[in-house]
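Should a chain be cited, it is by its letter among A, B, C and D, assigned in written order, with residues numbered from 1 in that chain.
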Amino acid sequence: MADITIGDVERAVKTTATTVLRNEHYFSDLDGLAGDGDFGTSLATGFRVIDAELPGIDKSAIGAMLLKISMLVSKHVGGSSGPIWGTGFMKAAMVSKGKETVTLVELADMVNTAVEGIMARGGAQLGDKTLLDALIPVTEKLKAHAAAGTADLGLVLKECADEAENAIDATRGLVAHRGRASQVGDRSAGTPDPGIVAIATILQDWCTEFGVERTPTVPELLKQTV
Amino acid sequence: MADITIGDVERAVKTTATTVLRNEHYFSDLDGLAGDGDFGTSLATGFRVIDAELPGIDKSAIGAMLLKISMLVSKHVGGSSGPIWGTGFMKAAMVSKGKETVTLVELADMVNTAVEGIMARGGAQLGDKTLLDALIPVTEKLKAHAAAGTADLGLVLKECADEAENAIDATRGLVAHRGRASQVGDRSAGTPDPGIVAIATILQDWCTEFGVERTPTVPELLKQTV
Amino acid sequence: MKKFVNDPANFVPEFMKGVVLANPDLLEFVPEFQMIKRKDRPVADKVSVIQGSGSGHEPAHVMAVGPGMLDGACQGAVFAAPPVDACYETIKALASDAGVLVLVNNYQGDRMAWETAIELAEAEDIKVKSFIINDDVAVKDSLYTVGRRGVAGNFFVIKACGAAAAQGKSLDEILAIAEKVNNNVRTMGVALTSCIPPAKGTTIFDLGDDEMEVGVGIHGEPGRRREKIHPANQIVDELFDAVAQDIPYKSGDRVALMVNGLGGTPISELYVLYAHAHERCEQAGYTVVRNYVGEYCTSLEMAGASLTLLKLDSELEAYLAAPAEVAVRIF
Amino acid sequence: MKKFVNDPANFVPEFMKGVVLANPDLLEFVPEFQMIKRKDRPVADKVSVIQGSGSGHEPAHVMAVGPGMLDGACQGAVFAAPPVDACYETIKALASDAGVLVLVNNYQGDRMAWETAIELAEAEDIKVKSFIINDDVAVKDSLYTVGRRGVAGNFFVIKACGAAAAQGKSLDEILAIAEKVNNNVRTMGVALTSCIPPAKGTTIFDLGDDEMEVGVGIHGEPGRRREKIHPANQIVDELFDAVAQDIPYKSGDRVALMVNGLGGTPISELYVLYAHAHERCEQAGYTVVRNYVGEYCTSLEMAGASLTLLKLDSELEAYLAAPAEVAVRIF
């Protein structure tokens, strides 16, 4: 089974930046439905800097690179997204300290640690209609493949993207229990959570970037202009 | 030649009130073109009170009645219209003091005195694009008929209404030199002056009230909803 | 019409009632004449400074009543000068041995109402003088018009005259101060949207989605021209150049700089304008001694702003710095 | 988008620059962290009271810095909590031996940013505590949500804590005051129009020409329900009942009453609302000891208003009456 290299992680980060910048307005519009319409801009502000600084960032190890990215998020990303994404990158950095490559088991641990950090930071659980509703199933899928020793990383990525995309429809009808959307009561029901849409979009774009064939079905992923 | 009775004057005032109240919004809209859009409301505020109080007003003489009306204008009409119309009624009252009827000569004197008072109050001249551009030709027409001893008061009224209506088109292209419209520079050219339209409308409605046949031709008089 | 109103015909007296309920110790309301006055004025040995104009320009004019500012003010309907009787009763209510100074903004309606009222008051031996404020540079002054309009510069005339009156200056001295302020103050404004007078229920003018009216009047009167909206700094440049070249102000001048919101513009945007206006003053060599950013003379909910420059000397600086209080407060 | 902006991406730093140019003696601007602080703070023996939240609510939060109010504040982009670093640097810049009190409005983003920043500051042995403000009664509090939002009541928490800090009270004493104010203050708002965040360029929500959003959030979040516009007094009744029944306030209570404009509503309309709100207080037997009519916590150019009641005791009355100064002034 091939390991994940620091180059892979860099490509994933670069792709994430592209996804976020392309969808700046769309993500903000989604946030406007039950939130305050700033999600896209907040993320884009940070990823614009990350995109620009990525070539020069310390790439001696995955951990060092992710730590620097977490610092850029803490400095430039406002809103709830700042602490959430900043915590995520920071926790993933801690368990990949000094590593130039990681195994699928280690990757699953990185994502799992990030998810636990985000839960501790914001107090959200599965089912609260936040991006954790995408990230937790993705983590479970990763762990299962890691335990099974799946060799085809493309398959793993595709199935993770499936989990994230499924979360959009699975949570659409829910009432948000965390984040600003939770402060509008029942009126968040019926609108997709922008954080979940963002995670699903990023994973879909990773599929494309890493040559994994996958066709999205949920309207939020289909309607994005490339 | 029949004299003008206090009953005629009362009917004219009553008709004026009806005209002003019916056109409240239209006159304000006209004022909005180059002025500040309050002309109709300012006049209507006063004439609503006049309309209500007219039955109870002292009608021992034309002068007494007009003086009371001038006082109601001073109390209730704001904007430029307050001093202008208040001065007009007050001056007309001064030369009809103690009179229960007036001759055409006396009527011409009343209107002439009112016009002179308005000119002194606001400093406007013929051609400054104010209601004086309707009132001055009307006065001249009245004076001519008075001098000629015209017996047919209906004809006199009709020709006065003609003069007032003509003033709308004659002044439409002018740049206002007095009033708020004068403070917008060339941009008052091409819009009718609401004060002139009001005078022409009142005279047209007097024709109808006193059974004088007359068909208006200028769009501002035609388009009024009754 | 998206407004907080009950019956539009009662809009003005209702908001005046609110002002007086909010200032029970300071102010007294005479509904019959839509007049608000200081409870503790007139006093015999102090000049009373009063004003009266159309409403819709709040905090001008009735909300500018208070110690060191106006002693009383009446107002007409929205955008309409007060009836003559209201002006006359306001003079009478504030009449003092030291005299009454009426500060009139240069509109035909206000001028005629106050002239008539002053004639009536003088016939009763009340000592009263008036002064005409005309700071708007948007429309060229000319012998053939009523002249320039009075707009946000009015605040500075009130502030200086109010301070002088509080110090016990004579009617003639205060008149001279009014004249000095008016000679040294210039304003121009720009509108991004129209406003809706409650009784009219519709806009006064209509601007395209990408248009602004440069040199707009505070009653929605057309200005110098209609243009495409520009970036904020370019708008400031246009206003600043028009204002600064009018007197003209000179390098080395000490000035007061005001960015006045027309009613619907958030304070954040006013500070964007202020930042560049301040820079323009610095570049021109004017020292900004005092600044004013907020709403001083509005046009209901109109989105827009005006820029005012006042050239100072030590006398005016002291009057602007003197303590004052108005019906609208922060704390 | 009818706004005074240059590049929308620079909107926030540009207006902050204006604020500091307008208050050169009082304030200092740290652009890197979008922070404004008093030049003469921190001092060792006084608690620093700070805040930081999304921008677009001016004069909250950075324009509320001044003697007797906040000692410093940072802000994020429009409607976005500041980045963690900005919060951390603001704590550091105002750190004093007496401690730092962070007043946080109850939004997930603000809470998380400040919690993270406080952890970092505590790791450096800075003495710092935080307090969560949540006065909006529009959306029911619940274990399953982040809880009620913090809105215009924030002003009273700042005012009381700022006054206490100026008097040299300890961190724990000031924390107790914040809690007392927050326990006794309730707010609800209504929007007649949406606002347009400059970077978004479009409205956050859309209301029909005859609709209003009752219980709206200051970021345009939906409220209790959307209704046809009612007459002003009926709107006041709706807000007043929701607010007054929440604690509930009792006959005999002494209260502060605030009618806060959301940014696009002219002050005249706010006083129409105030008049009826004051009457409702009188009818309910509450004595209005202090009143506040104007803009305290806005939502850019949104047309709308909120109503706030604060139940007072002699301690709070004294803190509200204490002298204070902010970046936005009248004179």
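Quick note on the criterion: a contact is a pair of C-beta atoms (placed from the backbone, for glycine too) under 8 Å apart; a residue touches a chain by one contact, two chains touch by 3 or more.
A quick note: this is a predicted structure, and the numbers were derived from the prediction, not measured.
Chains that touch both chain A and chain C are the following: D. Apart from chain D, the touch network of the chains falls into the groups A | B, C.
Put simply, the C-alpha centre of chain B and that of chain D have 55 angstrom between them. For the pair chain A and chain D, the distance between mean C-alpha positions equals 32 Å. Mean C-alpha positions place chain A and chain B at a centre distance of 75 Å.
Among the residues of chain B, none is found touching two or more other chains. Shared interface positions of chain D, i.e. residues touching 2 or more other chains, are not present. If each chain is drawn as a node and touching chains are joined, the picture is a simple open line.
By the contact rule set out at the top, the touching chain pairs are A-D, B-C, C-D. Interface residues of chain C, counted against chain B in their complex, comprise 54, 76-86, 107-109, 112-113, 115-116, 139-140, 144-149, 197, 199-200, 202, 204-205, 217, 219-224.
If you check the complex, the residues on chain C that touch chain D are 2-7, 11-12, 14-19, 21-22, 55-56, 58-59, 63, 159, 192-193, 209, 212, 229, 231-233, 235, 263-275, 278-279, 291-295, 298, 300-301, 303, 305, 320, 324, 326, 328-331.
Considering their complex, residues 25, 28-29, 32, 34-38, 41-42, 45, 73-84, 86-87, 121-122, 176-180, 182-185, 187 of chain B touch chain C.
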